[in-house]
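The chains carry the letters A, B, C, D, E and F, assigned in the order they are written, with residues numbered from 1 in each.
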Amino acid sequence: MRILIINPNSDETMTKAIQETAKAFANNEYSVICKHIPGAPKFIETYEDQTVAAPGMIQLVRENEEDFDGFIIACHCDPNLDTLKEITKKPVVGIGEASMKIASMLGHSFSVVSMTKHSIPNKEALIKKYHLLDALASVRSPDETIKYENDEAKFLATAKTTINEDLAEVIVLGCSGMTGMDKRLEKELGVPVLDGVICALIILTGLIKYNVSTSKVRRYKA
Amino acid sequence: MRILIINPNSDETMTKAIQETAKAFANNEYSVICKHIPGAPKFIETYEDQTVAAPGMIQLVRENEEDFDGFIIACHCDPNLDTLKEITKKPVVGIGEASMKIASMLGHSFSVVSMTKHSIPNKEALIKKYHLLDALASVRSPDETIKYENDEAKFLATAKTTINEDLAEVIVLGCSGMTGMDKRLEKELGVPVLDGVICALIILTGLIKYNVSTSKVRRYKA
Amino acid sequence: MRILIINPNSDETMTKAIQETAKAFANNEYSVICKHIPGAPKFIETYEDQTVAAPGMIQLVRENEEDFDGFIIACHCDPNLDTLKEITKKPVVGIGEASMKIASMLGHSFSVVSMTKHSIPNKEALIKKYHLLDALASVRSPDETIKYENDEAKFLATAKTTINEDLAEVIVLGCSGMTGMDKRLEKELGVPVLDGVICALIILTGLIKYNVSTSKVRRYKA
Amino acid sequence: MRILIINPNSDETMTKAIQETAKAFANNEYSVICKHIPGAPKFIETYEDQTVAAPGMIQLVRENEEDFDGFIIACHCDPNLDTLKEITKKPVVGIGEASMKIASMLGHSFSVVSMTKHSIPNKEALIKKYHLLDALASVRSPDETIKYENDEAKFLATAKTTINEDLAEVIVLGCSGMTGMDKRLEKELGVPVLDGVICALIILTGLIKYNVSTSKVRRYKA
Amino acid sequence: MRILIINPNSDETMTKAIQETAKAFANNEYSVICKHIPGAPKFIETYEDQTVAAPGMIQLVRENEEDFDGFIIACHCDPNLDTLKEITKKPVVGIGEASMKIASMLGHSFSVVSMTKHSIPNKEALIKKYHLLDALASVRSPDETIKYENDEAKFLATAKTTINEDLAEVIVLGCSGMTGMDKRLEKELGVPVLDGVICALIILTGLIKYNVSTSKVRRYKA
Amino acid sequence: MRILIINPNSDETMTKAIQETAKAFANNEYSVICKHIPGAPKFIETYEDQTVAAPGMIQLVRENEEDFDGFIIACHCDPNLDTLKEITKKPVVGIGEASMKIASMLGHSFSVVSMTKHSIPNKEALIKKYHLLDALASVRSPDETIKYENDEAKFLATAKTTINEDLAEVIVLGCSGMTGMDKRLEKELGVPVLDGVICALIILTGLIKYNVSTSKVRRYKA
């Protein structure tokens, strides 16, 4: 089984980190490669970033369709997921959708820890699209008035607030740039902490083994 | 006041028809031009079509931002509306959103007459995005087992079914390719029939006169 | 084109303020008059106030139906809107519905700045009626424990709280008594601030030009 | 305990029928009187009918507030219920709200049998107001193309359709004009059939015994 | 009329308190007995507690079906309510459902005062089941960082917070262990305070008098 | 990795069929055993069936907690899922929840093919619990007026109707008794057909590899 993870931005460091996470989880049971999109933005933050990344993402899927069994979009806003689901017969999984739907199976409600306040409404729009508003405790970004030692401390504090104030029972890391922090945060927080890359691997490898893919009857008909 | 209507596809006939509708409604009170996207698909039907149209749409807005007071996206699936709202400070209105929100003010529930069965779920996803599911009677496409004299007869029959079976009180034309049929259908049906191009002009010219535009505080911050 | 704005209360000062706002926006392109209801309460706050205002509102529409092309109800709780939509074939627009539906096109979510805490649940009930709960950031009234210089300072502080705490992206002025403050607040707040009277004029003049009105097929059949 | 049932229309025959139903259910355990509104329409069908009935309803409550322990509005569209809840400290129950909330406790979903197709959207709007859309199987009116022996046969056929086609498990009689048919229909249908007048008596006598009434803290503050 | 109240736990003190409340409300108009489940947990807090209580509850209903006219489940999480509705033709009412549906008729929104933070999500899941999320102001448990004189003071403070912060207009006591406090709290709070045992008696005695019970057509077919 | 599949009924044939499906999918990558509940009903259809199965299910989990890495409940109504999630620290997956959440990732909407009309409302209640109503095309049971060659032909016809009439894009087999039919139906239908046992294996083996389980912070705290 061969999985291609698409990092929709052009950041090589993030690409490597995602690949590391994926390879560790794959544990040599299947092959997994992460590729970024040359010419895409350094970081996917705006709707325009998503649009700019699209042609490269489409090209990557088309060029690799024969060689891979399924695709993951490794940006938590699931950019161009509908388009990719449509253009290929192979299964495609977004790390946003996978992580939040798995989160909804592990507790009463989940919170998404987001990079910036700017991204909160965009994430809420995505959560609404996935019918998950009733399972959402909150989307929270770090308190910008506080200085933290490092990023991990910042996200830890944010997650703690969602658990105590918003009654979150599961934490979803809201950016693939947070990959690798899940188990350390989980240890501190005492609730499940989900890395979208791993959640997408769980769903995607399952779909491939089961030999099912996107329905092509109407919405995702090419 | 100068309005630019963006026809996201590359069909010149449709572009002309849209412009005709718009000019007739504008009645020389303001200037309105419709431009299509060279190199875009002939018809926007799939998610990939929307993606392929995006760069040309962005370019058109950027090149014309100084010369126009606002923009309309003249495809009823509102392709790339979030992106255009984000990249310009000028107001941007989609004919899908404008027509369905105005429809919700004119009766208990509305139905969208859609070109093909294929587009029904995509339209439903859009309607959900706009929080309008509770005001929706149905999305219907013509019965493909029946032969009709012409397109207009086909859409008329479909609209009649939505009024009688689904209890629709307002009809929304679900494609800018239906422009020009509204008043003839309305006469036959006895309920309001909305052309999205005109609905978008109503909202957009209003926003321009009122000097308000997309909020730039978070979701649509460039 | 001739528009009649109905101020459902009997306050002449408010009637004049509404008329001033409307005339300035109309800019001599059409005629607009605001009339209040003699014998109606000084201020529409309770359900009984709405009921007491009803006969005068009905009479005003009936007496003026021939002379005007459409009607606006200039109270943000849209009193008797269903009744007026029903009794006349001319279009009727409520400033509550118009302002909140336009707000939902300008940002991720909106907040309504309300006069008093007492009116918050009533406003929420109205927002639910219009299917807009998912687009609502909050309804807030001024903090009654703080002394403000003047009303405008009070509403400004309230709006700021909705933007910072509730992540509102658009502000809706929740009472026609706030007419005239919109652009000054907008300048301070940096997000769109909507006066319902102007929003209703945008929709109503558009409907009149488009020659569409309330569907008479069922819910609003006289 | 003394109950006043308000028949918002001016039909004496209906008033008597309601009173008969109520007296039979009261079984001399408490006093119950039904009064109609002189000058109100013969039948409450439109929003204007509701508005026209309002002053008489308010007057009736005010004049009888001291002498009665609670009030019922005996029209299934619950006209002016918010207003009456607001103007009196005594409990007020609408037969629409009472019957549909009790219906939601007796089965998975309920259907309302309505007089005319015209009233379906109005009833749906009411059901949405009471948060009951998820418990609704359907609102149905009799098939107008079929001739029935009598009204009861017509409503029986309509109810059967809702049970078989819409999977309704409980039937709500959607008009106080159907009072008295409940047990005969129930015998034929094999599912609970609810008369709103009796449901309202159940709730209202309970509230009176419990000495609780409408909360006056905000929404229904006079 | 004979009512059997089932206390699903094995706490005799609570059983006596429930019976006292019920007898006082019944006022000798009907017979009411409260029985607990020998071998059930001392307090129903977890899902397992509900499961463990089930066989005893089923047995109690089966053994007493002939002798009683209806049953109440006197635990605010309504344990095994679907099962009991299914196994008997006699009406069954849960104090959770009855109290929260009556609450929704007495004000704009209600809050549930809950014993512990642990039970908040479980209560929210129940409220969603009953379609009442839109009428819910909040579920709140006492602030555990504060020392209170006694339980009643603790619940009073919690209820006050829901009224002031969450804009609750009606208070529902979220545990049958709070029985007897309603009128004292109501006096302090100035809004209706509902004891589920009494609310269930109101509904159940009404259903019995009306001779209606759970629909047996599908969902609750034995 | 060792998985225990709990068949909540006492039917050995079904237990074997489930185990066969599971073993084929596991493909020797992990160990999977299916056990039924001695003394449980032959078929889980009613709420009482679910209740009667509970003690055996709890006992099975408790006795096997040390020896297995996770549990699956192999009945599509997910009986006692909340209870099992609560009593063990190991992950527990229901085939209903797993199959319907995966279905929502493979197409616009899904339909559940159900055994009997009786089970439709119960399934709808479950779907509402999982926040999936917006992704549901329909729950359908076979047309009882038609004679079919065999069960598979019956479910095939039912699934075809959901695709054509209800616009379902994905089919979920609504009973573990249908295990083994998925790929044959899929070939005929041309859309993904999901067997809940396999979907649950996908999720559960993923959770085990990822070393995450049910959040124990509140709702599922033992």
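Criterion: a contact is a pair of C-beta atoms (placed from the backbone, for glycine too) under 8 Å apart; a residue touches a chain by one contact, two chains touch by 3 or more.
Bear in mind the structure is a predicted one, so any value in this text is a computation, not a measurement.
With steps allowed only between chains in touch, the distance from chain A over to chain D comes to 2.
One of B-C, C-D or A-E repeats the interface of C-E: more than half of the contact pairs, counted by residue number, are shared by A-E. Of the two chain pairs considered here, A-B and D-E, the higher C-beta contact count falls to D-E. Residue numbering at the chain B/chain C interface overlaps substantially, since over half of the positions present are found in both copies.
Averaging Cα coordinates per chain places chain A and chain C 42 Å apart.
If you average the CA atoms of chain B and of chain E, the two centres end up 51 Å from each other. Our note on geometry: chain E versus chain F, Cα centroid distance of 32 Å, whole angstroms. The residues of chain A that reach two or more other chains are 108, 117, 120-122, 125, 128, 133-134, 167, 169, 218-220, listed in rising order.
Because contacts link the chains in a way that matches no line, ring, star or complete pattern, their graph is best described as other. Chain pairs that touch one another, listed by label: A-B, A-C, A-E, A-F, B-C, B-D, B-F, C-D, C-E, D-E, D-F, E-F.
Put simply, chain B touches chain F in their complex at residues 117, 120-122, 124-125, 128, 133.
Those residues of chain A that touch chain E in the shared complex are 108-109, 134, 167, 169. For chain D in complex with chain E, the residues that touch the partner chain are 25, 27, 29, 91, 93, 97-98, 101-102, 104-108, 130-135, 163, 167, 169-170, 183, 186, 190-194, 198-199, 201-203, 205-207, 209-220. Within the complex formed with chain B, the chain A residues making contact are 46-48, 50-51, 54-55, 58, 80, 82-83, 85-87, 117-118, 120-122, 125, 128-129, 218-222.
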